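Two complexes are shown next, each including chain A; its partner changes from chain B in the first to chain C in the second.
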Partner chain A sequence: MAIVAVATIVLGLLVPLISPNKTSNKVLSAVLLTFALIIIYLGVVAFPETRLLQLPQPFYLGLAPFVFRFDQLSSIFLVLLGTLTAAVSLYIPGYLKHHDGSPKSAAFWINLFLFVLAMASVVVAANALTFLLYWELMSLSSALLVAQDLKTRSGRRAAFIYAGATRLATAFLAVGFLAFGNHFQSWSFSDWHPEEPALLPPSILILLGLSIKAGLWPFHIWLPYAHPAAPSPVSALMSGFMIKTAIYAILRIFVLDTALTPAVALVLLCIGAVSAVWGSLFALVQEDLKKVLAYSSVENIGLITVALATSMYARSAGNQALADLAMVAAVLHCINHGVFKALLFLCAGSVDIRTHTRLLSRLGGLGWKMPSTMLLFIAGCACICALPPTNGFASKWLIYQSLFKSLSLAFAPTDQEPTSLLFVLVIGCLALTSGLTIAGYTRAAGMVFLGRPRSGDSAHAREADREMILAKTILAGLCLGLGIVTPSLANLFNIRLLPTLPLPVIAVFFLLTVLFLYLLSRAARERGEGRRVDSWECGYGSFNGRTQISPESFSQPVAYLFRPILLYRMNSDITGADRRHFPDKIRSETSMKSLLETSVYKPIVNLFVNAGKHLARLQAGSVHMYLLYVLCSLVGLLLVGALL
Partner chain B sequence: MNLTLSEFFAVGAVIFAIFMSGTIQLRTNLLLYAIQTLLVGVVTAAFYLASNESQYLWLALVVILVKAAGISLFLAWVLRRINVFRDGATYLPIPIAMHVCILMLGIAHFLADRLPAPPDQSLHLQAGSAESGIALVLIGTLFMLTRKTAVSQIIGFLTMENGIYLFTLAQAHGMPMAVELGILLDVLVGVMVAGVITFRIQKSFEHIDVTQLRDLRD
Partner chain C sequence: MTMLISIAVFALSLSLLPFLILGVISSLKARWQNRRGASVLQPFRYIKKLYSKQDLSSKEASWISDLAPPMILASALLMAIFTPWLSFSPLVQGSDLFLVVYLFGLSRFFTILAALDSGSPLTGFGASREATLSILTEPALVLSLLSLAITAGSTDLNKVFAFSQTAAGGVLDVAIWSLAAATIFLTALIDLSRMPVDDPTTHLELTMIHESMVIEFGGRRMAMILVAYALRMVTLLGLASQCAIHALIAIPALQIAPMATIHILSIIGILAGAVAIALVETFFVKLKWTRVPEFIAYAVTLSLLGCGAALLGGGI
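Showing the complex of A and B:
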């Protein structure tokens, strides 16, 4: 196995060197597919027993050796990564062929290989330094993948925001890791047991760094910028796997074999719940299809964090069985979300390359042109809305189960009323989230695939290539399959508390509901008289792309309800002589801004930009000015050093 | 005041560096630089006398041959080639520059008193040399700061380098031989490159006034 692992690394590093410019995309994607299959193989082989793999002497990180650890947790993540990469590798050639303003092929492939290699290494890194090294590689290569299109303002902005977020995350992580390494006199994750109260500050730093990467509220700000800018297959990997590496690290450092103070767990619980509601709410009102998906990643990371926090809380309360259940729920939701979010991103990519737009207000009616893509997208939506019997339902159900069970745990000691109240609130938030998610994805699928085209581009779209459909079909099949095998997957971990999931009953019930709704709608249609257009056309004549429901109008009721958070504003302007009955012109304008972005991040960024402008004056261009700086700082530092 | 032999020469090097900032004749500058470096070499030789370790002797020889003689001759040749012998104008008037140099020596003295003692006390020669080292670094920077020609920049830089060398010698009893020679090689190559670039500047702009090179930024 060691040989295979080393061969993988060598392969990953060699491919960029074989000058991707001259090789065709198909060959490179075949290599990527092989790479993905090797990763899956490694994951499967490593599952039964834990193995350590240390690189020989010349490869050394200064303070610690390169060590990789293959155990159950990392092999689950490896298999997920391999699966997603395999699907993406099938998808890419078709995507690149039709992508307008095609990304620079050589840079794209090099970064993609490095990205996959780094992600695979992050989840098997056994010590902090190896982890940090690959974490950096992952951040940088993904930042370069996001920065494909630097010519447009939005592309530059996305690259800037994403690069800033990754720098911040790495800085926090590095400081926290240094403190931990110093305290435990070891860099190995297995030696780290951060229960002691003295280790709380570095633990919080590490959690901060990881939550920036995971996209937890309020650090989710980079997701809605990075995803629309990145090519769709890259978004699929980033959202499907990269943000999960942060969850993996939280699991590895703070959940397995350690128990943080309950306070941290409860704070994480709240943040997770807020992320879930926030993400689903913003997903509902976005204009850009990929921003919808990006915000829904925030929501799902929130759900996963809720499960993680429940696990931490249960462990600190001494209830091991419940802790295991919640942890399994978190891991399973990671897997499931990875699969269906990748599916949705790939579908969004197909829509993008066929219509050259991602704006919901310009799409519509694609169901007739791209039937397979529509079916697959709706399958993904069903998963993400957690409709049984899909995998989204199975893992969300486990999350709810663990929350309900921890409710009884929180109620048990009578003096913990506030805590139990908190859990009730979180359950409420999750229920709200589910509702908002269903609304959001109904809107997304409806606006893209149903109705009539809202622009010429979407009227002339064609179905995606066969390979792309194949990639998506694999993922969709996995979604359904995982829904059915999730209970048995959970059994792999010997969870004592695992409740039996009456999946067939639920599925049958669900299918009956669908059937009932279908018959109802059919009966309604048959009874209806059809459309007749009056002579004076007060029925507004026949329908066209502009008379159907628009994305804004669909989400308006909810947006209005949450207007303080969304900063939602709507201005209607009706003009005409008798404007009540015969208006000449009706103008209606809605605007929405993110509260966090405008009132928290913007001032901070502006402060830095302005400070940077003033500091730039220091760069006078004169050698003598620079020497003066050198002399002054030299004398100053020496004096400070001598006087302190 | 009770100076050891090496301290005596080290302080002498500083005094010649102060003299150096007192003239705008580039050839005199070079000569004073050569004497200053010679004295630094002599300090190294004094270390040999005190400790009887042969590496100091070799080091002293290399310093004197390469830095004092070789580099000075090379720069004199450069000056002859480009036919520039005076520094046009300085940022600080010469007398004030010399006084600031003396002030720097004072700062260096103040700093050297507060330095942690070197691990090995047996040679009893560190205080004065460390002080001279810091003073040379500061004076070299000041020299670069006040002068305008490219050659003066090189001389100032070499003075700084002498200071750093002297400081490590005093404080850590020198670095390992290999490191010391490596740095020497670096300086040598740096000066060669800088000399060649000075030719190019002279050829392209018909002067070697670095204050005119203001647009070299982004």
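Showing the complex of A and C:
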């Protein structure tokens, strides 16, 4: 099986290399689909029993061999990756046909194959060096995929910011791994037990590196730049799976068998809760459809981190059952979020190629032109808003349950109340998040698909290709199916802490409602009812595309409420003789930035730029100065040598 | 046998109480505003009239406008079944706290989408306001129910609202239950768009929240939305009155109340909630829209206090 996998990937890499512009995208996507199915197969085979795979002698990483380990955790992630890749491979030909950047398709395909290969290898790597190698491959290939459009300023900026984030993440990871490898005299993950207090600094470094990759607050800023720049199928993979590889690594190194100090768990808990609120708040006020989705990935990674931190905390308190419950909640939310976020990104991609815009203020009324995409997008929205009985609700409910159960954890009688209160506040934050998510996604769906077109772009759109619809339908079906089975999946992991959840009953109830509705409307149509009239316009004459609620005005009350964080400002200028009742001209202008970027990242960037400017004076261009530098450094070194 | 009787009584009150509450509120308001007003049975007649009227829909409306009313009604019904808003509601499995809260979310999701569907700015602004309010009320509702769940040690609402465990009542229990009652009542005022937040009877669509969202609906679909609204109202008021009853019987002097008294009290409690709403709507004016978040902040603070009290009580 491994040989087949290798053969497929080699084929996938060679075909575009040998005949760059001749091979049709369909052939390549078929190769990718095969590869995806092999990944799923490997995952399914490896689930019941753990397998170790070591490459023979010539493949050696200097300090450690190439070792891959297929166990239950890896196989869950492999199946998720395979499913997403399969859907994406069905989707890509239709997407590339209408996309503008087709001349570079050979590079695109090679990077895509490397990207999928690297992601699959990251989740089965058994030692730190193998992991780091494929982690780098994953970062570089995804950075190249993001850097598709270097002609525009925003494209260059996105590529630069994303590449910078990956470098920083790898730097932290490498230092942490080196310290761990030194301490344990082994590179294998199974030998690492980071619960010793002396290992806290390297653990924190590794966690920092991983949280940059995952896009946790306050390191999330690369997500809203990278996703709009990347092609939609790549965004689907990046948001659906790549950011979860960091979660996988946290699970593998810090959660599975070990217990860090509770302080780290509590800090992670707070960061997760802040990410959830921050991401959903910013998703609500974005203009670009893909930025909405990018920020909501921040939110969901926050939710997953909350579950992970709960698991860590419970493990260090010695409550293994609760730790398992929280871990299962985190893994299931990874899977569910992967599926519905990929679905939403693919829908956003269809909208993008059919209308050539992603700005909510230029879209609208697409439901008439793209009915299937609308149905699938709204299904995805329902999942991400965690409406019962979808899969989003099932895993979010597990997270809530694990938080609720951890209210009873206590280390010492003295410190019980403060931490319990912290968990209560986190539950409150999650409730706030769910309100924000519902507002954000009803806004996105409403502005894109409902109402009237806001510009000519969306007035002349057509439905996406059939294969693209098929890919999205598979994902949407998975969402609903996972919703029904998620509570029983939790039981698969021997979790007996949970109350029962009547999701199937609710699903049947809603199905009956829809059926009832269909029969009613058919009866009404047979009677000839259902007249269509203009919307109520207060007697001012009929509406056009501009007299609708705009995306900005929809989120204005929330933006106003959270104005300290969003730095929201509105300047209105009303002129005219009797300004109050009969103004001649009303001009209104709003501005919005992020508190984090303006007051934390910008000063840091400015500091570096200024320091660079001053340091540049050293490079004067005169030989005399350089000779002086040589003399100074020589004297300095001699002095240091003499002192030591 | 008792199970059958309880189901029958529950079904009867589920089909009568919601509309009676609406009638009581409007006729009391009319009385206090020196008008004759309609009879208490007016909502029944109104829904019957709506049901037989011809259905008009907007030219922009897609299938969302057809799907939303039944979904809203279905989720309201599920909420009414899963929430123990009456002391004699039949015990169903899985009446989970978070499930109930997210069923609220479901009906909100479809209400907002349906409002955006017609492309009218009036419904759009209503949707925007509803979304804003729901963001703020969600934590209040979750935390207030959570404070009760902490005391009961379970998120199963049937266990939370069961009448067995309030026997060991103390000052703290009274405080927790009455804080929860107050929070849920405030949340009900906001969620149902009642007076200090929203005036359902003004003449200007732009100033309203809930009524302006459903302005494009008529006939059968409006009837469904109205029924769902009445169900939501009776569920929330019922929850608040259940909390109040628990607070009452946690007072040591009133502890040994027979179940029959509690059953009667739980219906009286809902009616008292309706009277309170009518009182508020008679004597207070609507808050300015920018002041509403402050009002909601009270609800959130009360619910946090409740949680703190529950943790102090060493619950869970």
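In the analysis below, the second predicted complex is superposed on the first by the 539 of 644 C-alpha atoms of A that agree within 3 Å, B and C clash if a C-alpha of one lies under 4 Å from a C-alpha of the other, contacts with A are read in each partner's own complex, and residues count from 1 in each chain.
Everything below uses one rule, namely that contacts are C-beta pairs under 8 Å (C-beta built on N, C-alpha and C of every residue); 3 or more make two chains touch, one makes a residue touch a chain.
Just so you know, these numbers come straight off a predicted model, no measurement behind them.
> Determine, for the superposed model, which of the two partners chain B and chain C contacts more residues of chain A.
When the residues of chain A touched by each partner are counted, C comes out ahead.
> Where does A:Pro93 make contact in the superposed view: on chain B (first), on chain C (second), on both, or on neither?
Neither partner.
> Could you look at A:Met374 and tell me whether it touches chain B, chain C, both or neither (first, second, both, neither)?
A:Met374: touches chain C, not chain B.
> Based on the superposed arrangement, let me know which partner A:Pro388 touches: chain B (first), chain C (second), both, or neither?
After superposition on chain A, A:Pro388 lies in contact with chain C alone.
> I'd like to know which partner A:Tyr400 touches here: chain B for first, chain C for second, both or neither.
The answer is second: A:Tyr400 touches chain C but not chain B.
> Scan A:Leu639 for contacts with chain B and chain C and give back first, second, both or neither.
first
> Residues on chain A in contact with chain B in one complex and with chain C in the other?
After superposing on chain A, no chain A residue contacts both chain B and chain C.
> Flag every residue of chain A that touches chain B in the complex, lowest number first.
619-624, 627-628, 630-631, 634-635, 638-639, 642-643
> Which residues, counting only chain A, touch chain C once they are in their complex?
Interface residues on chain A, with respect to chain C: 364-365, 367-368, 374, 378, 381-382, 385-388, 393, 396-397, 400-401, 404, 407-408, 417, 420-421, 424, 427-429, 431-432, 434-436, 438-439, 441-443, 445-447, 449-452, 499-502, 505-506, 509-510, 513-514, 516-517, 520-521, 524, 529-538, 543, 547-549, 553-558, 560-561.
> In the complex formed with chain A, which residues of chain B make contact?
Touch list, chain B to chain A: 91, 107, 110-111, 114-115, 134, 137-138, 141-142, 144-145, 153, 210-211, 213-217.
> In the complex of these two chains, what residues of chain C are touching chain A?
Residues of chain C touching chain A: 54-62, 64, 66-67, 70-71, 73-74, 78, 92-94, 96, 98-99, 101-103, 105-106, 108-109, 112-113, 116-125, 127-129, 131-132, 134-139, 141-143, 146, 149-150, 153-156, 205, 215-216, 220, 289-290, 293, 300, 304, 307-308, 311-312, 316.
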